[in-house]
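A, B, C, D, E and F are the chain letters, set down in written order, and residue numbers restart from 1 in every chain.
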Amino acid sequence: MPTVTVTRLLRFNAAHRVHNPALSDAENAALFGKCNNPHWHGHNYTLEVSVRGPIDARTGYVMDLGKLRDAVERTVVDLVDHRNVNVEVEFMRDVNPTTENLVVGMWRQIEPALPEEVRLVRLKLWETENNYVEYDGA
Amino acid sequence: MPTVTVTRLLRFNAAHRVHNPALSDAENAALFGKCNNPHWHGHNYTLEVSVRGPIDARTGYVMDLGKLRDAVERTVVDLVDHRNVNVEVEFMRDVNPTTENLVVGMWRQIEPALPEEVRLVRLKLWETENNYVEYDGA
Amino acid sequence: MPTVTVTRLLRFNAAHRVHNPALSDAENAALFGKCNNPHWHGHNYTLEVSVRGPIDARTGYVMDLGKLRDAVERTVVDLVDHRNVNVEVEFMRDVNPTTENLVVGMWRQIEPALPEEVRLVRLKLWETENNYVEYDGA
Amino acid sequence: MPTVTVTRLLRFNAAHRVHNPALSDAENAALFGKCNNPHWHGHNYTLEVSVRGPIDARTGYVMDLGKLRDAVERTVVDLVDHRNVNVEVEFMRDVNPTTENLVVGMWRQIEPALPEEVRLVRLKLWETENNYVEYDGA
Amino acid sequence: MPTVTVTRLLRFNAAHRVHNPALSDAENAALFGKCNNPHWHGHNYTLEVSVRGPIDARTGYVMDLGKLRDAVERTVVDLVDHRNVNVEVEFMRDVNPTTENLVVGMWRQIEPALPEEVRLVRLKLWETENNYVEYDGA
Amino acid sequence: MPTVTVTRLLRFNAAHRVHNPALSDAENAALFGKCNNPHWHGHNYTLEVSVRGPIDARTGYVMDLGKLRDAVERTVVDLVDHRNVNVEVEFMRDVNPTTENLVVGMWRQIEPALPEEVRLVRLKLWETENNYVEYDGA
């Protein structure tokens, strides 16, 4: 059977500040400017989750997208939506919530939740309509 | 000369929580659910600012859009971008920062900053890609 | 209190054919061309539902958007999503499901389901990214 | 029958410079800055054409959107697409091609080409994703 | 000459139901839920067709995009637009029209129609704004 | 540290004509049709610039996106925005400004301006909402 990549988009919004807890406040302010605002700011994020595998002859699916959505909602979206990433998100504890670190944290949440027959091949996380990050597990 | 409406879009992001300071925490939680999260959440907002007036025979403009952008940046965007609306925005002091109240507050900031020859006729404020509010000064 | 218009977007997809049951097949084919295909075609529709009212001093809302979404899902989206509009949608029985007729049918479904304090002022229904219709109850 | 507004979007691209031929080069440069570049610049424009009328009982349409598209292509899009608005567009001869003046010129082209049973009620012309103008014939 | 990938987007709409003709109706209903609705549903699809090759020194093109569009319209879009994929599309005969199977069927239609100097490297097919599949011929 | 790809989008508009200066006017007209219009046409371009590297432990960034934006504005956007690509852009001198050649020219401008710790891995240039090109330096 042909091998195809299928992608589901999910949207959530959250507060954060870019802040490295290992550095002083002055260093953080110098490095991150307004993104370091101690009173927080926030974003509407869009996450594209891509899994790859052979098309199942019985279903015609690589994977049921409803099940993919459920897995990502349970392991990621329900934990970050309408939350403060620095303060409330266990899988980002002590991590500076840049988009880069956030996408890596999400990979570690999603990958173990997927069924064996597919492989997580790409996460693409939009922070604004002008920037996004992609991670492939490397 | 014909009368035309011209619109400039501006984008910003901010943290907030939906919270009426005149109510108890329990009442706020009951009314606003996850939008009342005390640790905040946030959005990428898009604001559409529409002014109406006759086309100026000399310029062919209702109003120079660069000047409109500057006026809105100075009176609104610079005050809310990468900010916490509940805590840091003077024109929203003691106001519950719903999208409805936010758009009214922005109207009061923008209208006095516009030149006489145009009339502010509509603000449209997108909170997410699934909801927006419109205000015409009524 | 200021009066504001708030809008919620909802998305669904459906099959249909443009077909006037009062006309002959030949007349339908001549009038509607490929949109009259007897084997159906379909669309991803986007519906923008706009209600207008004063901002409630207690909530800061014109109307809780979660309640608006629930009302529209119950009276419209649940009845048309993943359905055939000609065959399965009671509120479009014997009606030619053009976008024009569909938006009027939806108005009649939604309006009685809204609370007294708001007024339904506009439905905007996108059939494709190149066309939409607006209805204000006229 | 209910009265509905139907809108068709059309896209084209063109070169132009913002330039008032009644003014000196120095005045134009001072007024319009980089938009006055004598070597031209250009845009991908999107035009939204809205007509209003009762729903026809026979067709279920306010107006056949294919006929609306044809009328706008013939009177506007074919004349401006892949063209220089200042140099090649007869209906903009001696007119400074700001978005304001362009939308008024387009109105004068489209309105006489429409059938009697509909009324042209709005043109909305996007110049970039950050600005648009609306004209209602006023 | 540098090697570049060029992509053309095409849009169409169609009716379908997710249904494996080798299974019973009960099995289909259990597997596919509302997507198996026997009365069909439908979508506005967007197809992104990507070809790769060296830039031609004479034209500056990898391939004339007008010719690419024509090839895809002739081999795919004209066959599926305003159609029922299960019933009317020869290249999907006896195939369950999931997005995965549809993109593979389209690859087999498009690839033989392309000129020798380019290689079809990716099809990306959006079914809704929340999901898409990618196929690279594997 | 994980390796991530980060992307910044930038927008500009410009005039151009597709024209190979090594060919006769008749050959150009035959090859390029309306895109060869001697009076120019233009576009709103969107450029997606992707760089790849390990996440910096101190900043949580692959690269500060503000610095990436500044580098691309200085080496590309400031040179083409509101310009005529055929006439005014030094890095496209004597080059036929197809989207393919434009993206290669931009690569040669951007790559030397990036810091050592990241690698430019992809430029994606949208000419209209219906076509784009991608270049990876090959």
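Keep in mind that, in the parts below, contacts are C-beta pairs under 8 Å (C-beta built on N, C-alpha and C of every residue); 3 or more make two chains touch, one makes a residue touch a chain.
Note that this is a predicted model, so its numbers are computed, not measured.
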item: Lowest number of touching-chain links that must be crossed from subunit C to subunit F; value: 2
item: Same-residue or different-residue interface between subunit C and subunit E, half as cut-off; value: same
item: Identity of the chain that, by mean CA position, is farthest from subunit E; value: B
item: Fitted rotation between subunit B and its twin subunit E in degrees, CA, nearest 5; value: 180
item: Chain pair among D-F, C-E or A-F whose interface repeats that of B-D, sharing over half of the contact pairs by residue number; value: A-F
item: For subunit B paired with subunit F, centre-to-centre distance based on mean C-alpha positions, whole Å; value: 34
item: Computed distance of Cα centres, subunit C from subunit B, in Å; value: 28
item: Multi-chain contact sites of subunit C, meaning residues that touch two or more partners; value: 129
item: Arrangement of touching chains [line / ring / star / complete / other]; value: other
item: Pairs of chains in contact (touch as defined earlier), listed by label; value: A-B, A-E, A-F, B-C, B-D, C-D, C-E, D-F, E-F
item: Partner subunit B, residues of subunit C touching it in the complex; value: 2-10, 50, 55, 58-62, 65-66
item: For the subunit E and subunit C complex, residues of the former touching the latter; value: 11, 13-16, 34-35, 37, 39-44, 81-84, 87-88, 128-129
item: Complex interface listing, subunit C residues touching subunit D; value: 18, 20, 23, 31-33, 95-101, 103-104, 129-135, 138
